[in-house]
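For reference, the structure is listed below as structure tokens.
To keep things simple, chains are lettered A, B, C, D, E and F as they appear, and every chain counts its residues starting from 1.
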Amino acid sequence: MCLAIPAKVTELLGDDMARIDMDGVSKVINVALVEDLSLGDFVVVHVGYALSRIDPEEAELTLSLLREAALVGNAS
Amino acid sequence: MCLAIPAKVTELLGDDMARIDMDGVSKVINVALVEDLSLGDFVVVHVGYALSRIDPEEAELTLSLLREAALVGNAS
Amino acid sequence: MNRAKPIRRKLDIKNGRVELSHGSGGRAMAQLINDIFHAAFDNDWLRSNNDQASLDALPGRLVMTTDGYVVSPLFFPGGDIGSLSVHGTINDIAMGGATPKYLSASFIIEEGFPFADLERIAQSMGEASRAAGVPIVTGDTKVVERGKADGVFISTAGVGVLPEEISLSSDKARPGDAVLVSGSMGDHGVAIMSRRENLQFDVEILSDSAPLHGLVADMIAAAGGSLRVMRDPTRGGLAAALNEIALQSDVGFAIEEALIPVKPQVAAACEFLGLDPLYVANEGKLVAICEAQAAETLLAAMRAHPLGKNASMIGHVVEDENNFVEMKTGFGGGRIVDWLSGEQLPRIC
Amino acid sequence: MNRAKPIRRKLDIKNGRVELSHGSGGRAMAQLINDIFHAAFDNDWLRSNNDQASLDALPGRLVMTTDGYVVSPLFFPGGDIGSLSVHGTINDIAMGGATPKYLSASFIIEEGFPFADLERIAQSMGEASRAAGVPIVTGDTKVVERGKADGVFISTAGVGVLPEEISLSSDKARPGDAVLVSGSMGDHGVAIMSRRENLQFDVEILSDSAPLHGLVADMIAAAGGSLRVMRDPTRGGLAAALNEIALQSDVGFAIEEALIPVKPQVAAACEFLGLDPLYVANEGKLVAICEAQAAETLLAAMRAHPLGKNASMIGHVVEDENNFVEMKTGFGGGRIVDWLSGEQLPRIC
Amino acid sequence: MKYVDEYRDPALAKGLAAAIAAEAEAGRTYRFMEFCGGHTHAISRYGVEDMLPANVRMIHGPGCPVCVLPVGRIDDAIRLAARPDVTLCTYADLMRVPASNGASLLKARAAGADIRMVYSTLDALRIARSEPRREVVFFAIGFETTTPPTALAVRQAKAEGCANFSVFCNHVLTPVAMRAILAGEEEGVPPLDGIVGPAHVSTVIGSRPYEFVATEYHKPVVISGFEPLDVMQSILMLVHQLNQNRCEIENQYARAVVPQGNARALEAIAEVFELRDSFEWRGLGAVAKSALRLRDAFAAFDAERRFEIETKAAADNPACECGAILRGAKRPMDCKLFGTLCTPETPMGSCMVSSEGSCAAHYAYGRFRDRARTQKEGVLQ
Amino acid sequence: MKYVDEYRDPALAKGLAAAIAAEAEAGRTYRFMEFCGGHTHAISRYGVEDMLPANVRMIHGPGCPVCVLPVGRIDDAIRLAARPDVTLCTYADLMRVPASNGASLLKARAAGADIRMVYSTLDALRIARSEPRREVVFFAIGFETTTPPTALAVRQAKAEGCANFSVFCNHVLTPVAMRAILAGEEEGVPPLDGIVGPAHVSTVIGSRPYEFVATEYHKPVVISGFEPLDVMQSILMLVHQLNQNRCEIENQYARAVVPQGNARALEAIAEVFELRDSFEWRGLGAVAKSALRLRDAFAAFDAERRFEIETKAAADNPACECGAILRGAKRPMDCKLFGTLCTPETPMGSCMVSSEGSCAAHYAYGRFRDRARTQKEGVLQ
């Protein structure tokens, strides 16, 4: 029910609508809930609405923690 | 368009409706246009309504004239 | 772990209805097919649950046909869409002079269709198929949303095997040939019409829906080599069948109305509706064209079969560049019997 | 009298629509069939205008199948209901190991359907049939009232001939056998879904709709005797195909997700819709089960064919009284791939 | 079928044919118009023409309500049916009639209009009752025979307060049209010698309304039943009158027609309908006082007022010879379009649109005679 | 797929699994509840359970809005849809959910109700606009994630004056339900050691609303993304906190969740909705202040008021163990009905109705493990 996926904003269509893309799948969604959206931003999409923007730095940080933990795990 | 056929009244259903029969085909029609209808009467049926009653004596008379003419014709 | 398999509840045939999930390839569909269709058709080809049936080799030329059945109402005096879909396709095989061997059945079902009606139809198909000795060996089921079909549509296909000496085709009628019909005209169409909501009348006429391959086998045995054309006069009735043959063989016909069997109730129903019985559909009758000298033999063979006991020779083929079907009327005059061009009632088969 | 034949006006394909009279057995129907279907399918069996086709004898066992096609929308990226109805039925014949020979086609058309669309569909069927070398030899046309169908439904049936040495059936999988798929999963279903009004998304995925009998012929030539089962994973996708086989052969499967080809766009579309590509329909792919020692040979033969170039061995058959399809996930864990039980989109084929 | 089979007896037919041949005086030609399409149909279907001597010739009159309905009125009906709120109920006969620009009710239906074929006004009223959110319009057409059923339905709708039922009225009147034919007889065209009058119309209006034919135009009329022997007997009666120099209104169909007609039916018509000033007849042109419309008291049930219908004239194909054919000046096969461009599937003129039209009846039943005719042309004319 | 594929990397998974195994202290059992059905689904679909050490055990929480919806509300929806004037729009997830007496929306549709599956509230509103004569009711269901889209649609409908659109509101609240679970922990059942919190809910509400779990119940929470590595990382973080005797609200999904949540979304919810006093959760019973309804200002768009819906309670099957399963006291295979009478095709309890329910997820993905479990029973428990 809470299925939501990350996708990239490829076109701002006005009227709170935007086109997003995920690996070649593109769709028009409502972006009224996300402030100051720019082309190239990634958003979390749920039932046709963007719920929030993805912060690339936070994502990188999470991933590096993940990689680190995996490294430690493999070493253990 | 003026297709109408003779059929026998087999059931008076009230409300100006009656069941008629023609050689085993039976149907419910409106008989509001024909006065004093009795079971066994033949009526001329057109688009679901009886238009008039058939007078058996007149029919016999017509037929006898027909037969007579045919006789004369065949003799000629 | 003990083998805790799901407890399969039987379909609620009495109250249940077909849902979209019965068409989407999951367990619900498998159950519908098993409980209704396999139960009714009951043979090993189906039970093997493959998407195709592997059959024995057929000795001889192959004949193939298909028809879609969209008749309304689905149940009518003398039959239903199920038996009709078996008979009609068997008959198209038989009209080629072939022996029908196997049938396939494709169901397109409207969401919400009652299981009880579907089972009744399937049972009727199964019975018709067993009675005819022509099994339904493979099938398919689709479900479409409510309002996208009309209860159920069935398309059956059939294959049969054709003896070497037989070669029938609608372009083979030749001037002088005899024209025979196997029985009374218009029964099926009148039976259907009597149940149409907007025409409703009562008449004790049953559809003539029946498989004709037995009759055809007897005809072939009696005079097979001299048969030229056979047709089952379905949609458009005898008129359509004769006009098609006239056109395809580039001939004309001379027939006599008085020789064409029509039941009194069928004639009466046609009077009511302003129809001509020669245009009304049949589902268990055939028209055969054969060399003139074989006509009596053929007629005798037909009359000896229960489905041909009212067979009649109704006229002969003539040369005619206009391809007219000319008819001496019962009244004594002449007319042609043209192709249908007024409205005929739809969904008769 | 000079032979004043009616001047036949061509159907107004551009603006015209199917009317009820096109289904009632008169001249209008004959014209529709001639101008659209015979023109598109173009062969002598049809032109002979009989209600059945007389064909050559088939040397070998017969295989027969049928499918109804109700796909919505009628035209989709990579195909349409016409080509689909040819490919799907050819594939069901081919999955029996047989060579498809002849097709029949039954059309159920909704009143008001544009001639232009009908012609486009017929042309597409004709092309698909010619490209596959499997002619449509007989057909039928019915017209139902507006609101009683959804544009057009097509039921095709097919017959084919089966070489002596081949015997495939879904109950023949044995523990140890290899499981192969001929290419990427889910393309057809995603192509269809991308055009559904209520899901509308854009993706450059074409339906994989294709006839597989050429690929199958190559597979049989390479390792025919060791083939056990073939299935085209259509409705319900790979999951339904494997579960059916598991049940019918009373075995289980052990497969690996990482070995199952799925295109990135298909995967992405499935993420959007919350679907699993293993449940999504294919129309030009097959799953084959063969003796383990023949797997490499078979895989090589598949990869050498254009329709099998992405073929993959995805696992093997195991003994399992539960008939589970067990899968090592791409992530590294384990799961089963159960029968479909959620909603799958209807009208995918 | 009682009252049917006996009037189709081939043995009697033979005798009657001989009687007519004997009665018809050599050297004299008898040109009779059967006004009604029902007669045209019967004559064609039973092959009555083959049983008449060469000098008794039947002219097919304008008595087919479908044929004479102007194209503009079909256009109106199609426009009505195209309204999303309207369900149009019609007798099946009208479905294929070509309207302007290749349209027809059948095509309109295919294109999405809600058009239902009904057998009776009872059915149309039933539909209106069961679908109260739809505007159910009955496409009323027909002569006096068919008018009382429409009148009763309108009366019933009013009594029930059935607010969603209305009638698009195209009922026309037989005697007026007959007068128009007689008044329009032309120089150079041999005049009609007598008229076979429509018995089913007369079950309603009786035989009296035809008296003007005798008194003003000095031609005999025989009100005739629709079975083939009825028609032949009527022809014999006409020949007989002519030979005796009589011109009277005789009633061959006395078994169901009385001179004064059906009082109840006439009352119903009079209550619901009134005369239009003028109405267009296809093939005949505008004819004064020749058609009916709903009275003000029933205005709510009048689709013309309810939907503000304004009929636009639509021209017929100028090559069509219907006018001349209806007047007896030409026969179908004299028309260049007959059987080639004009067929029942592709009718170009009014006489081809219904199976009761003279061109259509000849096409569907009589074409084989053209062979004989071309061989011995001149013998018949 | 950016931000997806990297969180499904099997090599990283292996390392992380080893890290968790190393971090988890032997002799100690870690019992974590993933509250959200999305997590349950991810764990099952990717086989995450296979990658956890035996002493780290996942309890599937009540976080599937479909599962916790009481049967009475489905009954309401079916009654609504059965009205001839109503078109009911619903997310596909609800179609098969069994209602009383063997009914379901799917069956109601088959029986003639106009029920449309929509992907988004945008679609429902579009249907209302294009079919103004229909009463279009959106069957709203979901946690805080799904609530803003409903709120925006209602706001939009009001702005447009879309008079035929309404919402049957069944939105429920995550933190309240989590409190109910924690407050209900029983004697004899080992308590939860920590909670995997739903990140998509937190994109809307942020992480702060969970602080009570740490302060009042002294358990750690990690707000976790939905990819399998997200979940594993969150588990590692939970184990880590416990080993360090911490109980904090941590945010694994910092890439899209901030502590304060999405202000716009929260505003929209607050504008359109208000708290219900109490709402029934299937498996949990009545929970105070756990659900939303439309405010009076939007009463016109509230299907409950518009159609005077009064929900009747419907009893669940007493043999169903859902309650105990949701609390972590039992597992699906402990239920006698599991896999025999209760399957995804024939669900008897809430945990089987959607693929995100714990019984359904186990049935569809995990049943093969029961083989192993029966062999080495006791090892895991």
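Definition applied: a contact is a pair of C-beta atoms (placed from the backbone, for glycine too) under 8 Å apart; a residue touches a chain by one contact, two chains touch by 3 or more.
Everything numeric in this text was worked out from a predicted model, so none of it was measured.
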item	value
Far-end chain from subunit A, centres as C-alpha averages	B
Type of subunit C:subunit D copy interface by residue overlap (half), same or different	same
Superposition of subunit E upon subunit F: rotation angle, C-alpha, nearest 5 degrees	180
Approximate Å spacing (C-alpha centroids) for the pair subunit C, subunit E	38
Subunit B and subunit D: spacing of chain centres that average the CA atoms, whole Å	61
Subunit C and subunit D, separation of their C-alpha mean positions in angstrom	28
Touching two or more other chains - residues of subunit A	3, 5, 22-23
Contacts with 2+ other chains: residues of subunit F	1, 4, 13-14, 17, 96, 119, 123, 343, 345, 371
Sequence positions of subunit C contacting 2 or more other chains	1, 5, 20-21, 27, 264, 267-268, 271, 322, 341, 343
All chain pairs that touch each other	A-D, A-F, B-C, B-E, C-D, C-E, C-F, D-E, D-F
Residue ranges of subunit E in contact with subunit B within the complex	1-4, 6-7, 11-22, 36-38, 63-66, 91, 93, 119-123, 141-143, 145-146, 148-149, 152, 198, 200-201, 203-204, 226, 229, 233, 236, 252-257, 262, 264-265, 268, 354, 356
Footprint of subunit C on subunit E - complex, ascending	1, 4, 8, 10, 13-14, 17, 44-51, 92, 95-96, 116-119, 123, 228, 343-345, 355, 363-369, 371
Complex interface listing, subunit A residues touching subunit D	3, 5, 22-27, 45
Subunit E partner contacts - residues on subunit B that touch it in the complex	1-6, 8, 22-23, 30, 32-35, 42, 44, 46-49, 51-56, 58-59, 61-63, 65-67, 69-74, 76
Complex interface listing, subunit D residues touching subunit F	198-199, 258, 264, 267-268, 271, 276, 322, 324, 326, 328-336, 338, 341-343
